[in-house]
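Shared chain: chain A. Partners: chain B in the first complex, chain C in the second.
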Partner chain A sequence: MIQSNANAIKLEIRDLRKVFDGAEAVKGSNLTLKRGEFLSLLGPSGCGKSTTLALIAGFLEPTSGEVLIDGNPITHIPVQKRRIGLVFQDYAIFTKLSVKQNLLFGLEAQKVRRVEREKSVAEFAEKLGLNGLMNNRGSDLNMSEMQRVALARVLVTKPELLLLDEPMSNLDAALRASLRGELKQIQKDLEQTVLYVTHDQIEAMSMSDQIAVMNNGNILQIDSPEDIYRRPQSRFVAEFIGEPLINMMSCEVFSTSDALLLSTQAHKEMRLQRGWGESGKYLLGIRSHHITVEHEPFSGSVGVIVKLVENYGSEHVLHVIYGDESMTVMVSPGFAREGDNVHVAFDLKDVSLVDPATDQIHHPDKLDETA
Partner chain B sequence: MNQLAVEELDVTFDDKRVLAEAEFGVKEGEFFCVVGPTNAGKSTLLKTIAGLVQPAKGTVTIKGRNVTNTQPKDRNVSLLFQNMALFPNLTGFENIAFPLRTAGTKESTIRDRVVELAEMLKVTHVLERLPRTFSGGEQQRVAIGRSIVKQTDLLMLDEPLTNLDARIRASLRIEFKEIHKKLGQTLIYVTHDQVEAMSMSDRIAVLHEGEFQQIGTPEEIYKKPANRFVAEFIGQPPMNILAAQMYHNDGVSGIEIAGLRFPVPGIKQINDYNILQDKLAIGVRPEDINVSASSSLGTPHHADILWVEHLGSKSILDLRFGGITLRVKVTPDNPIAKGKSAWFGFEPKPDHLLNYQTNMFYK
Partner chain C sequence: MHQTKIWVTVLKRTAVIIAAIIAFFPIYWLIATSFKPFEEWASWPPIWLTDNPTLQNYRIVFFPDMAREFATQQSGSLDYKVSGSAWKAFKGSAIISIVATFFSVTFGTLAAYSIVRFNTGGKNYPFQFLTVRMVPPIAVVVPMVVLFSILKLSDTYFGLILAYTAFTLPFSIWMIRSFIDDVPAELEGVAMIHGMTQLRAFLTVTLPLVKGGILSTALFIFILNWSEFLFALVLTAGNVVTVTLQVANYVSASSGKLYGVQAAMGTVSTLPVILFGYLIQRHIVRGLTFGAVKR
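Here is the complex of A and B:
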């Protein structure tokens, strides 16, 4: 067996395309996944993420392009020989078999020796907290247990690559949240290479080392969760990531010799660093927690009216009228009520300027006045 | 007067009680949310109010009229299911117009009403098209349009956003709330998602295993949960529940967790709580815990950082001390999130002292 080093590339897809009846579902995707890394393929329904996964798994044959594992093309290797583990939204577990038999199944199929089988099953039962359930039948399990069994019976076969397709979609919100942490912990402990398909940006943000955002068959951006959140390269990515939805305020930029001057409907000539600097009309993408809000006017603030309050428990989101546009601001609970007047100013860090013609984003930095 | 009153309602299926002693009222124009996990009895409740399920006992009163034994069609309520079925052979317009057509409404009124609603629901562009060309969000909006086009005494929605993508759900939540404000329709909204319940409702009823756990405003439910189930179900990440002991030392009293002490300022009242020492736990919200890079008055204890969940507008730290894991919410730019350990502290709230045998908070 070849011992691959930690930074080795486990999976690579090159110019992968898939055309169904003339419709291009995947339009030339490229990505690489290192050994032990967790990458999420994130996008709305119909963006091509599940098709990409099916091409990697071997359920579909690409129209063109290649899938490589450990640098070797596997495009023409049949599914069962790919050593890829799969877990889908609808957990396929044998309801008539016990949990233990479920876990043993894949190993028996691989003709692993009996002693080895028992050892591996015991090890993974422990890791996934299934010890108390080994003799229960699949049909007696609750959703969370079924999910863990589905995961365990794939992990026990030690796949080189684990593909997960919306594995939490059928679960209640509360359960999903607690399973995120468990899944990440298991993945880290096992150093399992994972490709995770989801439409839920919270799942992608919380578990991934890298996120690939997909839309209309294209991978738009691949970056760490932090960079995807702070430095989206396109309007689609900016609006798909983050809760509440990023604010998009109309604005105008004037490039001067020492700064960029940014004016919105209510704020005039806020200063940003030059570097890139084409004057014109843009959209200012700004997150609700990057807007300062106070009850009384303060330096650089403008007054706005609260139209709607959303309660999220530990924080409230105010929908305010800014000029004639709507904007969201994050505050602590009880800060303001509907109809209140409050005062807002922008904290111009991690600013996204969307070019309305191309939907591409520029990221000028805040101008440090003391420098 | 309440628009809807449910009293002592019991529903049994094959001798199994799926709703027990349900009792609540919904005010006119209120956005009332019933939230709970799968199989809590939420959909059964809606079906019973609509008349599709006959209760074993109890009454349903709508606008002062006892409707418990009337036919669904005579109740003047509308119910929208999670899997909304649009008529595949009718256009968006005709789907929305359907309830008005069957009621024999005047053509000009139908047109005005549908156009107005379509604008509000942002589906004007699909009015002339057939449902198979709609996206998931468009289908859902049209179905909602159909369920609200004819004003009824009560509108009930069963998990209307569940099948949609997360992004569409988030934007529909806000639109929903705005539409509700405009129409002033009395609404019961069923969901398993506490974020939907918290962010949209005037009042929330938490349902678990057929029993109402608590009914109150989002703020009340969040600040003063009635029991452990509510405390852990509402709020994300959930409230930390930690086994604790009381201590009294040199006139200072407080809570001890895994050997660490947390003074409680309101301790004088606590003595009246009649606390059972060996069954005491304390609930702490993740945002009520202070963390810092060094020891301070507010952060006297040390813990390892097990894991950090970066969620964009916030980060969640899993702190580990004395065999206990504590989830803490911090702002995304907090440098602590990059480290391996942190100092922490919190002020236990007397409202969050829990008897973990009964799972009730001390009053």
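Here is the complex of A and C:
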């Protein structure tokens, strides 16, 4: 059966590996990207995400594995024949050429007819707000203008697949925030398939349809931003995503004749549903804003002392002493001060249980459904 | 406080002036001597600026036959019989220096590109090139004479071009390598992403950016070739003459070295280098930033 165009797989990488001088930079990655989809490759620096990008673009040859575009293997096709667009981290604007010449560059290289060249360039100059800059030299542009020019220069060639390598890392925070929305809008308008490499979780969360979290050359999880945040499958993903850092408390699971119970240092014998798993010691991951906090005791709460208040502006983060561990709780500003007594509780459905031996995560409620 | 600043400035300027005098003195002496008549070439005390300027030395360089007649009329005061011709020497030096510089810079550019972009030969390869220059040329002269005579390259233009290219190539590679290194690979990456082969990307993107560097290298190599003496001396036998050899040819049996004539030849032979330098000077400026890439 022929797949409908909208769901066609644009990019697929199969067991992609890259070894540099004995060091494995990419360790057998698998990934698929549908047409028109925005996928972010998210990970800390040195995790292999830029190497993956270079393998897809064709600047590097994989040690093993395959890259497919529209189902056709392109692993041994040279860069210039892949019809993939790429925006480099530093934009690589031709500083001696004018903005217009920069935009025309790709079309000239591809020997597109003059009339069409002018038309396409005018169209994308308009889209990216470059009309006032067309005669400026590349060397006169600031970072955000360079970024637009680099983006327009590649979009004008209508690439099958657009690769973006940390395109916002040179911009300041305010500019980044406005460009995120703009970039997403352009991507949606053009139905452009995008693979976006970043170490910034906010960029990945706000723009992506799918996020692939990468660490140490492995893709750990590919999911929607929502699931990456709510249902991390490994400790790394749980701790890499989210601000402030997810709480990791020690806990123990044990079974009695009629129930499976979970105890932390402060909360005792919380009831887990049967069929969840085995007894043993775990780490309990809970995000700061999933913790309910009140001034007065309430059902299921335990009392804790506020050690430190961190001001995030719109929110405050309380560092409280939970058993002998530290825990962060998100509250509205002015809720409590250092030294105050407050009461906290959380729902087990928001909890990620990390198996300390494997760093894999079990989600109690998800497993309940299947049980 | 202000006073000390002035003294520092005065001291600095004085040092610069002294350094400039030391640097320019040989040039001054060369030019001054080239206009001196025979008696003043090596007189004591030295004559700084002659009161009897003459073009006789230049006449001998450019019109040796006329000069000889003139000397005869002066009742043999000086034996002006010199071997070789300056014209032939200029022709020889021009052919050898230009062709050898062209080869050296062309091969140097290609090799440097390969080393920078493809890491050809590994990390230590560029240093291995430099070891060629660690051997004093005099040490390889004898084997080269033997080799050249076996290969029938002695006393040919091709032979000297080959030798000069080989001996200046390390400099070419080393210098051009640093210029190419300054061009971000991403700029070529953009060209390749847009459908250019790596060779076309190199020619259209990188080469225009390193043009100034390549021309500076060419000037440097040209000066080396133009002023080379040792190989020219041992690898030729009269058929091929270079400017440096011709300077040494201005010797007479009765009067020894003809310093004035040598100075005239020396003065004239610096002109092509100055001309070349003047023509490319606007390309030598390297202040322009190549790409928008932060290093």
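Note that the second predicted complex is superposed on the first by the 354 of 371 C-alpha atoms of A that agree within 3 Å, B and C clash if a C-alpha of one lies under 4 Å from a C-alpha of the other, contacts with A are read in each partner's own complex, and residues count from 1 in each chain.
Here, contacts are C-beta pairs under 8 Å (C-beta built on N, C-alpha and C of every residue); 3 or more make two chains touch, one makes a residue touch a chain.
What you see is a predicted model, and the numbers here were worked out from it, not measured in a lab.
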Exercise for the section: Could you tell me whether chain B and chain C fit or clash when both sit on chain A in the superposition? Expected result: fit
Fill in the blank from the handout: Here the angle between the directions from the C-alpha centre of chain A to those of chain B and chain C, rounded in steps of 10 degrees, is 80
Handout entry: Partner chain in contact with A:F59 - chain B first, chain C second, else both or neither
Key = second
Exercise for the section: Check whether chain B or chain C contacts more residues of chain A in the superposed model. Expected result: B
Exercise for the section: Using the touch definition from the top, say if A:N215 reaches chain B (first), chain C (second), both or neither. Expected result: neither
Exercise for the section: Examine A:F105 and indicate which partner it touches, taking first as chain B and second as chain C; both and neither are also allowed. Expected result: second
Practice task
Using the superposition on chain A described above, determine whether A:P244 touches chain B (first), chain C (second), both, or neither.
Solution key: first
Handout entry: chain B versus chain C as contact partner of A:Q147, first or second or both or neither
Key = neither
Practice task
Mind working out whether A:L86 is in touch with chain B, chain C, both or neither, as first, second, both or neither?
Solution key: second
Practice task
Please work out how little space separates the C-alpha atoms of chain B and chain C at their nearest point after superposition, in whole Å.
Solution key: 13
Problem - Overlapping contact positions on chain A, where the chain C interface meets the chain B interface - result: none
Handout entry: Interfacial residue positions of chain A with respect to chain C in the complex
Key = 57, 59, 78-81, 84-86, 88, 90-96, 105-106, 109-110, 138-139, 141, 146, 153-154, 157, 170
Exercise for the section: State the interface residues of chain A toward chain B in the complex, per the touch definition above. Expected result: 44-45, 143, 172-175, 177-178, 180-181, 184-185, 199-202, 205-206, 225-226, 229, 239-245, 287-289, 308, 310-315, 317, 319, 330, 333-334
Handout entry: Residues of chain C touching chain A in the complex
Key = 184, 186-187, 189-197, 205, 208-209, 288-294
Handout entry: Residue ranges of chain B in contact with chain A within the complex
Key = 37-38, 136, 165-168, 170-171, 173-174, 177-178, 181, 192-195, 198-200, 218-219, 222, 232-238, 285-287, 307, 309-313, 316, 318, 329, 331-332
